[in-house]
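Dropping the structures in below, format is structure tokens.
Below are two complexes that have chain A in common, paired first with chain B and then with chain C.
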Partner chain A sequence: MTAYLDRLETIQSTIKAAAARGRRCQIVGGGSKPWLAHASAAGSTEAEVLATKALSGVVEYEPTELVIVVRGGTPVGEIERVMREAGQMLAFEPPTADGRATIGGTLASAASGPRRAYAGAVRDFVLGIELIDGKGDRLRFGGKVMKNVAGFDLSRLVCGSAGTLGVITEVALKCLPLPKATETRVYELDAAAALRAMNRWYAEADPISATTWVDGRLYVRFAGAEPAVRAARERRGGELLADADRWWADWREQRHPFFALPEQLMRMSCRATVESLEGFNQAIEWGGALRWLHAATEEDRARVRYWTHRAKGYATRWHAPFVETLNELSPEVRALTARLKAQFDPYGVFPAVVSS
Partner chain B sequence: MLLGTLMKLPSLLETLAAILPADGLKTTPEAMRPYECDGLSMYRALPKCVALPETEDELVAVLKACHAARVPVVTRGAGTGLSGGAMPDPEAVLLSTARLMRIIEIDADACLARVQPGVRNLAISEAAAAHGLYYAPDPSSQIACTIGGNVAENSGGVHCLKYGLTVHNVRAVRVALIDGSVVTLGCEGLDAPGYDLLALMTGSEGLLGVVTEVTVKLTPKPRLAQVALASFPTVEAAGAAVGRIIAAGIVPAGLEMMDRIATRAVEDFVHAGYDCEAAAILLCESDGTPEEVADEMARVEAVLREAGASDVRLSTSEAERLRYWSGRKNAFPATGRISPDYYCMDGTIPRKELPRVLKAIEAMSEKYGLRCANVFHAGDGNLHPLIMFDANRPGELERAEAFGAEILELCVEVGGTITGEHGVGIEKINQMCVQFSPKELTRMHEIKRAFDEHGLLNPGKAVPTLHRCAEHGRMRVSQGKPMPFAELERF
Partner chain C sequence: MMETFTRPDGQTVARTVGELRECFGARVVTTQAVREQHAHGEGMQDAAVPDVVVFPESNEEVAAVLRLANAARIPVIPFGTGTSLEGHLQALYGGISLDLSRMTKILELNTEDLDCRVQAGVTREQLNAEIRSTGLFFPIDPGANASLGGMAATRASGTNAVRYGTMRDNVLGLTVVTPEGRVIRTGTRARKSSAGYDLTRLYVGSEGTLGVITEIQLRLYGMPERVSAAVCPFDTLEGAVESVITAMQMGIPLARIELLDAMQMRASIKYSKLTGFAEKPTLFLEFHGTDLAVGEQIEQMRAITAEHGGSDYRFADRPEDRSRLWKARHDAYWAGLNYIPGKHAFSTDACVPISRLAECIAAARAEVEASGLFCTIVGHVGDGNFHVLVTFDPNVREERKLADRVAARISEIAIGLGGTCTGEHGIGIHKLDALKQEHGEAVEVMRAIKHALDPNDIMNPGKTVPLG
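Moving on to the complex of A and B:
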């Protein structure tokens, strides 16, 4: 405990010293999303590294509370292991990056996996955080109870902040029980038919926990009580996917061959029913709300952007620097982002949110 | 200079009159009377004027005019809030969203609805029903409260544990900032780049912007719902049963608890069929496909019996299910019948602290010499202790206030929060100082400034200033005064 507090104090004093000397700090978790780190380091010559790895461990876990409190640098895989023993899970199914991804980095990058469309995103499971901001102050927001509307919701605000607001040193998360039964069925369908199936089946209250369309096949993971899964299978047919756990793990971790060239991918977030854009090698997941398109050239990317904007969605280059993704936002929202950032980090210790 | 000062008031009213439709600006006390308070009825004030825009453009123009004149704005939905969030300020324009009540779009395949802020919560579910969908968060004020108010309060209902709060069911909002610029936060998809400003806006109690459009997620209607009604010989056993249900890997659609004071009050009132000898009862609902419900109910029943329930009954029809719920839903008015006045608290605690906190409340009840009924969202640990008193008896009001404050402070002490769903408003502004450090409160003020540099939106609410960390009281429902929305079920 005292060793832990010492580590927090070191982080605080490092930040304060950097603030005093006009220097930059770079927060690094497991290093599994280097593009974020890389991007943020751009423009700062020698940023001081704030490693969160040593801030690791489960602080509190009582399965009957449906709450787990962990330190910011705890690997997601480890949290899941502890929870699995109690029959629970992180329902947003974040990538674990072979054990490297930390929970702090998961919040910072707003990383959610296949179950996101059906259970919620990382932000939906965050109950509270402790954060060390750019002044070196330790602040707590939210809590460790299910419902809490006291004060502004700053614990969710930091989801997607990519290390620009502060060091996430502790997180309280809502847990859910593992489904009793799971089964994945596969259907040969084109993109349009797959989108229709994803949307209709969910709207018709099938117990679905993940959907992905790739290489002309729709993968639907049914999950819930055993009889409910059986009923869904009888209703929807399809072919059983053997080794489904491995398949979904590969998809979740982006080890599937579709993700072989991540730099060439565009990530498109849009209304689930938006028609699919023809002429691209693409994959669809999250019930249609998330599309991945291979767009190697600037011209291709421009087409994807145009299509997405028309559909009122957001298209970002996968593995793009954080500041680049912010360019998708309206000038007013960018201005708000910059003003919020200035409140947490008035001396510019952490990476900037406007491209210089 | 002098002329400008003298002209300030009339010129703002003139500007607003020019912006708004003929009957869209109220300035006389009689016309403004209906707006003088929200659900926290003992705080009353008449605003400077009431503006009722019919379009987003008009609303934005009102904000611009107020911003230019540096006149504050208090936004109001239906005024059902229980913490004084929409209480007017004599110096401020009261901006009502009541006339922005259009359902713009329902996309049944994408399971979403796009609506204006003044649309009532229940109206969304009604419009979606034809598609087998509904909007999940169900505050018991849902026939009256607006979706804009729900977003501002991050409201909940009895189905939160499984279906989430407002924040989990809103995809995007359009927000007019005080300077009149309009931003979209969130996305019709599932995420937008950058900070989660949508979450920040949710629950911000009208301090950061005015919500002008909301895109909500619609949920497929479960094919079946069934409720179990269980009696327990002690409150502790009922509390422990809640933990056991969760430990069995069950997340019920609803999990509510009432103690004997509450069940007796309710039984006399609505005859829900509760066991009034039991020290506490639990209501546990299961929903989903018929197969899932049958499976889950069997497990729920087994767990309840194992946990020491003296009686477990399962609803056998929709009518019976609704009758079992009717008692719970009428707990507030039923309490109102057995006591001249009562305070409703809204603290939330870790579930494991239930026995300890309930014991402490019992001790406080003795100490203050006031009865207290306990009714709560047991699944989420969200307590609604109802402190009964008689304001006409000297000293009782003060004792009730002290009792309530002690409960909230205990909630914070055991790791909980002062408000689970009703918001801070003006009601719990003192207790914010107990829950947050000065640095944390300062950060909240800074965030407010990032949106509203001059502090014009709903000033004085939700976040206390550091030097005024002690004022105001708590919710009080009085027999003497008209209680707003008395006809609604209360949680």
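Moving on to the complex of A and C:
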């Protein structure tokens, strides 16, 4: 406890000193998503490193409450292990990066996994956070109850803010029970047919917890009560996937061969029913709402952007720094983003949200 | 940091009303009756009358009003159906009540994508009536037939929150008009977009203090194959709460689980003319799903409640029986209010960790007994959220004081148990003190954000975050 408080105080004083001297700070968790680091800060030799690794541990876990409170630097894999023993899970299924990913980094990067389309995103499970802002102040937003409408919803504003607003030191998360039964079935389908199946089966209330189409095959993970999973199997047929847990873990951690060249990938978010873009090596997940496209050249990327724009979707280079992803926003929203950032970080200690 | 807001002078107001008239003609109203109607929500009857009521019909008209108001430093209070509960609508410093009730278009209905886009004045019942033929529905149901703009602005929830979430989880994107009169869109049709800060969730629940929500992109759900409602009385309130805790642990996807305490049952039996019900703590339940799933859920639930002293189930499968049951639940407020004629009432809104719920309700009950006021209790048990309906005689000053004290104590007790003073009604003006107790220094950041997004403090000043 004392070591923890010491560490918090060190982070606070480092930030305060940086603010006073006009220096920058770079928050580093498990280092599993290095591309998020902003060029502006990462390239600067003056950036002070704020390591959150020492801020690790479960603060409070009452399985009957369906709530877990953990420190910001706790590895996601560790949290999942503790929860699994109690028959519960982080329903947004974030990547663990072989034990490196921290819960703070997971929030900051809004990282969700295969179950996201069916259970919700990381921000949907965040009940409250503690944050050290750019003035070095410790602030608490939200709480640890299921519903809280006391003031602005700032714990969710921090989700996906990529370390530009502050250091996440504590998180209260909603837990869900593990499903009683799980089974993955595989279907040989082209992209168009796979999209139709994903959308129709979901609308028809099949107990689906993940869908992925890759290499001409649709993988559907059914999960829920035993009779419901059995009924889905009888209704939808398909071939049983042996070793499904490993397959989904590989997919979630991007160890699947499809992700071999991540710097060439574009990540496209769109309505689930948008038709598939032909002529690209692609994978589809989240029921059609997330598409991964191999786009090696600037010409390819331009085509993806154009087509995404027409589909009213949103596409960025996977591994693009946060500040680049903001270019997708309208000028008005970018201006609001900068105004909000300045309230948390008036001295510009954390990475900027406008390209320099 | 900021100075306290001052009421604009009469001349400025008169000039602005004149300018508004040029643009909006008869849709600018200054009659006493209409202004009084826009001076309060439900709950406490305290009123503060706006100077003028304007009825815009488009984003551009809303933007025009805000530009005028911002230039003249006149407050703007967005108004939906006037059903908020925490004094959100009182024009503390006069100004413009911006009534969005003419913005009632459903702009898009995407049945395959399970979403829609509506104007802020569309009410939840209007939306559900208009989409019924598609087999879809929108589940969030606060007691009132509120506007969806108002529901987004207050981050409303209702009896379905355990299964379907609250407005926070069901708003996919917004059109917001900023105090400077700029029309911005947050979120996209792409549901899983994660570009930039989550502005959608910043505006959802901002209670009209950051801008005016004019359009809402909402998530819709397929109507379940089978819906079954049930009522189960318990000997003790603890038994009812324990049953719900166990059900949540097991992951039984209950659609609704509502608790009415013995006193509320007494009031509801009288008001809603319920026959064959006992004056005991009672759970109202609803199960949604396939025929198979609902059957299984009911079986599991019966086994759980039997262990906690609840076995006398009554089921309602026919739609008309179900609606009668849920109407009685939604009318709980009126039942409590009318139990003793001539009383006024307001509702508290504490939310605590579910394991502390029975304890918190007992402590609230003790405060109530000590005050001698007639109070009933209803709870969204699955969320740990409960409402004490505190009734008082408006003509007896002492009673109103007692009622306020009971409410403040319940907020304190909830915060002390690791909970919040408000699970779904919001801060408005009534809970500003409790917000400070609950959030401490974070309130300063909220205030800074309010100031950054609304530098002249024209948006619903004095609500949600303390001024000055």
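Brief remarks on what is shown
As a convention for this text, the second predicted complex is superposed on the first by the 350 of 356 C-alpha atoms of A that agree within 3 Å, B and C clash if a C-alpha of one lies under 4 Å from a C-alpha of the other, contacts with A are read in each partner's own complex, and residues count from 1 in each chain.
As a convention for this text, a residue touches a chain if its C-beta (ideal position, glycine included) is under 8 Å from a C-beta of that chain, and two chains touch if they have at least 3 such contacts.
Note that the coordinates shown come from a computational prediction; the quantities given were computed from them, not determined experimentally.
Under the clash rule set out above, the superposition-derived model of chain A with chain B and chain C contains a clash between the two partners. Contacts of A:E65 after superposition on the shared chain: both chain B and chain C are touched. Of the two partner chains, both chain B and chain C are touched by A:S161. Of the two partner chains placed by the overlay, chain B and chain C both lie in contact with A:A231. Residue contacts after overlaying the shared chain place A:K144 against chain B and chain C alike.
Put simply, chain A uses residues 62-67, 110, 116-117, 120-121, 123-124, 133, 137, 139-141, 143-154, 156-157, 159-161, 176-177, 180, 199, 203-205, 225, 227-228, 231, 269-273, 286, 289-290, 312-314, 316, 325-326, 328-330, 332-333, 336-337, 339-340, 342-344 to touch chain B in one complex and chain C in the other.
Chain A makes touch with chain C in their complex at residues 62-67, 110, 116-117, 120-121, 123-124, 133, 137-141, 143-154, 156-157, 159-161, 176-177, 179-180, 199, 203-205, 225, 227-228, 231, 269-273, 286, 289-290, 312-314, 316, 325-326, 328-330, 332-334, 336-337, 339-344.
Residues 110, 112-114, 154-155, 157, 161, 165-166, 168-169, 178, 182, 184-186, 188-199, 201-202, 204-206, 210, 222, 224-225, 245, 248-251, 289-290, 292-293, 296, 351-355, 380, 382-385, 418-427, 431, 434-435, 438-443, 445-446, 448-450, 452-453, 464-465 of chain C touch chain A in their complex. Residues 62-67, 87-88, 110, 112, 116-117, 120-121, 123-124, 133, 137, 139-141, 143-154, 156-161, 165, 176-178, 180, 196, 199-200, 202-205, 207, 224-228, 230-231, 268-273, 286, 288-290, 312-314, 316, 325-326, 328-330, 332-333, 336-337, 339-340, 342-344, 353 of chain A are the ones touching chain B in the complex.
By the touch criterion stated above, chain B contacts chain A in their complex at residues 107-112, 131-133, 153-154, 156, 160-161, 164-165, 167-168, 177, 181-185, 187-197, 199-200, 202-204, 208, 220-223, 243-244, 246-247, 249-251, 288-289, 291-292, 294-296, 348-352, 377, 379-382, 415-424, 428, 431-432, 435-437, 439-441, 443-444, 446-451, 462-463.
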